[in-house]
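A, B and C are the chain letters, set down in written order, and residue numbers restart from 1 in every chain.
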Amino acid sequence: MSGAVDMRPSNEPTPPNEPKPSTEPKPAPNQAENSDQVKHNVLRRFLRHKLAVTGFVLLALLVLLAVFAPYVAPHDPNFVDPVSMDDSPSRLHPFGLDTVGRDVLSRVIVASRISLSVGVVAVGIYVIIGSVLGSLAGYFGGVLDVLLTRVCDTVLSFPQIVLIIVIVGVIGPSIWNIMVVLGLLGWPQIFRIVRGQFLSLREQDFVQAGRAMGARDGRLIFRHVLPNSMGPILVAATFGTASAILTEAALSYLGLGVQPPQASWGNLLIQAQSITVIEQQPWLWVPPGMLIFVSVLAINFVGDGLRDALDPRLKL
Amino acid sequence: MIRKRSAWLALAVALALLLGACTSSKPAEPKQDAAPKPAAPKILTVGMWSSPDSFSTITNKTTYGSRVFELIYPSLFVMTDKLEFEPRVAESVTVSDKQDMFTFKLRKNAKWSDGKPITADDVAYTFQVIAHPDTPTSRRNLIDTIKGLDKDGISETKDFNVAGIKVIDANTIEFTTKAPVDKDAFMEKVAAGIWIMPKSVVEPAVKANLKGLDKADFVMNPTVFGGAFRLVKFVPDQYIEFAPNPDYFMGKPKLDKVFYKIVGQATFAAALQAGEIDLSAGNGIGEVPIADWEKVSTLPTMTPVPYVAPAYQYLDFNVALPEFSNPKIREAFAHAINRPLIVQRLLKGQGEVLNSPLNSSNKYYRKDLQSQLQYDKDLAKKMLTENGWDFNKEVVLLTPTGNKVREDSADIIMANLLDVGVKVKIEKVEFATRQARSKDGKFQISLVGFSSTFDPDFSSQVMTGAAFNERKYSSAAMDDLLSKGKLAVKFDEKKAIYDKAQEQFVKDVPYLTLYSVNALCVVNKRVIAAKPGPNGLTWNAHLWDIKQ
Amino acid sequence: MLKYLLKRVLIALPVILGVTIIMYTMISLMPGDIVDLMVEPNLSQQAKDQRRHELGLDRPVPIQYARWLGRSVQGDLGYSFVNSQPVSKRIGQRVGPTLLLSLTALGIAYLVAIPVGVVSATKQYSVWDYGSSVLALVGVSIPGFFLGIGLIYIFALKLHVLPVSGMRSLGVETTVDLIRHLVMPAVVLSVGTMGAVTRYTRSSMLDVVRQDYIRTARAKGVKERGVVYKHALRNALLPVITLLGLQLPNLLAGAIITESVFNWPGMGRLVIEAISNRDYPVLMGTSLLTAVMVVAGGLLTDVLYSAADPRIRFS
């Protein structure tokens, strides 16, 4: 499946046209012009990554679907059909009816709002917390590092799913609660990756060089070190988004997902707990399953493309 | 500086993890399968959702435990699948004319597995320990009709003395009740509801630490048995293995082994289909999920044995709140909710709509009342309007998790109520949370289930101030009927009272009984005699067999 | 080194203390208790109060916690509210099966993922790369319970090659039987990790192979294989090790769903039951154990870091 999208000239790990010498991060004389150019290059490289573009288009479509869900859905997703006992797909209900008697297609469409926002909001919260704290700890080291690492260790020392279940037990299951809990508990992952990256980058030549040349700390972090960590953060964030969507599904399986009659893809997929449904009623689980899969795939390809595009080593 | 050793670190780590995994598996596997196999041993495997909490008939807390200890300990009588009483360690019972004295004659040949006879002393001791205030037990509500016990089933003298239990001789025991009782209710709760434990085993533990009796050795590792089977091995969350008790007083069981295999709901149907389990343990502890019922019950290897159990689901109203204090409003809700739809759609027809706490498994059930409280949304709307329902008010439907059908029913109920203009919001919470909220009266309407005995008495749910009347319903007429019902001892007299009580229930709708779902059980066709029924599975364990 | 380890352990103590305090508080805030759940509903209020008193539930939360802590320090984790068995025994019964499952899954994941990730990175944009990327993504995007039931359907019901669930066939104690039961849950549990590790390894390798010292090595004429395996891989493993460290807490209670689907007799199911039954002693016991394991895992991560990157030194 890759031949067609293979737009790179070589299979070599480093592109042969890689131009930069090792002392690359010299302060550029013209800041504004340079940053515009960087943005332009990032965009150009991203657009060359066909899988990423495909992913982006898919994702955009899903987001559009989510935004306009109420207008797209053919039926009221919560309307219980009191008459029809036949659940199988029909012209009126292309994906059939669920066990309660509601239109599955409409529910799947409306569920996209919930599922996508769980992923985005939760990961958004923890990427911000994790990157900021991780950068601070990894770059400055010392007391700050020790302190933040302790906090991180404490959060990490809980069995995550257990803590989520307990917190949800206290504050009650609702989609907002789940987003916030996932966001507040997920940051150590980013924190440790960023900090780990810093530990190895801090000693590297170009950072040392920058420091020796009198670059200010904040500048160093944001101009040179953070972009270097961007790859792992992005990969983590994409996987994080995926896993937040899946965690919501897992919580649904345990009965702690969204509040009914709301639907999320995970919540719709738990219909597939039954062997009979898997075997005889694919219309109940294939659509939400495919949407989870496609959205995760799309998010990951976008992350992949961004990663390549943002890589400072490939800059210019 | 860069060495090969560290370059392969990752693989080493991974390998170490894998090896660690392999070694950790070893200690648990003595190689026993080389033992010579006897010709086709007869093995029966029962599927159950969860592990038993204990094998002690006194301190047990869950149905998973009680349905299993029935195999290894004897009771005076058992309740058959036809809900009749059959003698076990007692060979007969004599009831006094006033129905306040029950004399049981024990079998002379009944022996514990350590060779000691099963005597009236063992029987009395089991009851006395349960009655002692320090004993950690939840079985006192079964015996609280016996003389010398308070309303909680605790000895009035706060010790082992129970005035109403008298050992006449080694093979005769006599129970006296506080007042005349319904014979069937007494037999169900006392004779067929308490399983006898060997005094020789229990007494030392009682003397050592009564308050910690639930931690005694015999609780998890019973060694002396009096039932049809003896416990061989219990592997928590995996299986329980039983072997026949050769000295069983009803004759040596025909099977060579019985397993209770722990199988979760998600794979229960698959395990039946794959032949890993032969039958389902029964109502509430091991059933085929409704979604898989059609498939499993039509498997060529299986015989479906669905039955009506004394259990039902209901919609609770917080009657203490002004908006639900009016019975007409509650009745309007009953008309608004399409209960037949719930039974058809969610239960796939495997259940019945219910208008009172007594369902068709109960002999006091009034079928004719089923014509009441029909689904009629126009009538519901009219009644709501006439009785001043505030259509701007939002009602929160508290729904506990853990029962898929019940959770789905909340969606239908919500849609139905919206249909008549009642604004509803579902609040799904953990079961324990629901219990706490209900207890504290912090709810408007709520879904939950209830299971009872075959005795028709439902006073604990609706009598003024009763322990389980969390909705704070109170009606002088109902209180009067149910108090009389408790004292009634003859069927006809009792029937007349509970007929009226059910009418009163339908009129008042203290809570709306929604439906009663059939216990969805199956038995493999190779199994003989074993069949889950309304009162469990184990009553004829000694007759269970496998077709060769 | 030893001094460093000792210091780390001392630092870890407040972390563990913090974890238990937070956990106890959270658990106490959960509505409902065992008495309402377990005891016969007909029991009078007086009898229920008595039961609460026996379990210590009538005391203020800080005092309950202090009592728990006092006993735990002496090695007594208390008794399960549900079946009155010692918590240590209940946990002990389940640690073995859980570690067997989760370590096997982790082993499978890393054994497959690291080589695949490396090949993906060295042959970036090749068929290999795309193929493994897509597979990795398929892996991480399937909900565990769904994959589990799907596998059961295919391998147990249709092909009849593997047992439906459980850890052993009834009464059978052979290793082969154990492995047959282990295959599906271990695969289900490893798939997500495998995808993540593949991606991390690939991403990390890509970063590293563009670093100067790799170019230097190449320029010096080191053979490509040597560049990849000797020079690049070990640097690329740093983030992967971080990931391994992050997965340690999940070894004990992370397999809740997999264990439920496959009826694996592990800690995950114990924890779930403990939460729904408000079985505080069991819940606290497992939390404590996990916290201790995580701290140990953190130490291990640091040690591995220093082994992989000699520039990191303990101070």
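Rule of thumb we're sticking to: a residue touches a chain if its C-beta (ideal position, glycine included) is under 8 Å from a C-beta of that chain, and two chains touch if they have at least 3 such contacts.
In this text, all values refer to a predicted model and were calculated from it rather than measured experimentally.
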item: Innermost chain, taking as reference the mean of every protein Cα atom displayed; value: C
item: Comparison of A-C and A-B by number of C-beta pairs in contact, larger one; value: A-C
item: Distance between the centres, which are taken as Cα means, of subunit C and subunit B, whole angstrom; value: 35
item: Intercentroid distance (Cα basis), subunit C paired with subunit A, Å; value: 22
item: Length of the line joining the C-alpha centres of subunit A and subunit B, rounded to whole Å; value: 46
item: Multi-chain contact residues (two or more partners), subunit A; value: 169, 254, 273, 275, 279
item: Multi-partner residues of subunit B (at least 2 other chains); value: 266, 270, 273, 402, 429-430, 433
item: Two or more partner chains touched - positions in subunit C; value: 30-31, 145, 149, 152-153, 157, 241
item: Residues of subunit B defined as touching subunit C within the complex; value: 1-2, 4, 6-7, 9-11, 13-15, 17-18, 20-21, 24-26, 28-33, 43, 45, 50, 53-54, 59, 61-62, 136, 138-141, 151-152, 154, 211, 214-215, 219-220, 235-239, 241, 257, 259, 261-264, 266-267, 270-271, 273-274, 276, 402, 429-437, 439, 460, 467-468
item: Of all residues in subunit A, those that touch subunit B in their complex; value: 78-80, 82, 85, 99-102, 169, 172-173, 254-256, 259-261, 273-277, 279-280
item: Interface residues, subunit C side, partner subunit A - complex; value: 11-12, 14-16, 18-19, 22-23, 26-27, 29-31, 121-127, 129-131, 133-134, 137-138, 140-146, 149-150, 152-153, 157, 192, 195-196, 199-200, 203-207, 209-212, 214-215, 228, 232, 235, 238-239, 241-243, 245-246, 249-250, 252-254, 256-257, 271-272, 275, 283, 286-287, 290-291, 294-295, 298, 305, 309, 311-312
item: Subunit C partner contacts - residues on subunit A that touch it in the complex; value: 1-3, 5-8, 11-14, 18, 22, 51, 146, 150, 153-154, 156-163, 165-167, 169-170, 188-189, 192-193, 196-197, 199-200, 203-205, 228, 231-232, 235, 239, 242-243, 246, 249-250, 253-254, 266, 269-270, 272-273, 275, 278-279, 285, 289, 292-293, 296-297, 300, 304, 307, 311, 313-314
item: For the subunit B and subunit A complex, residues of the former touching the latter; value: 266, 269-270, 273, 289, 291-292, 294-295, 338, 341, 344-346, 399, 401-402, 407-408, 410-412, 414-416, 426-430, 433
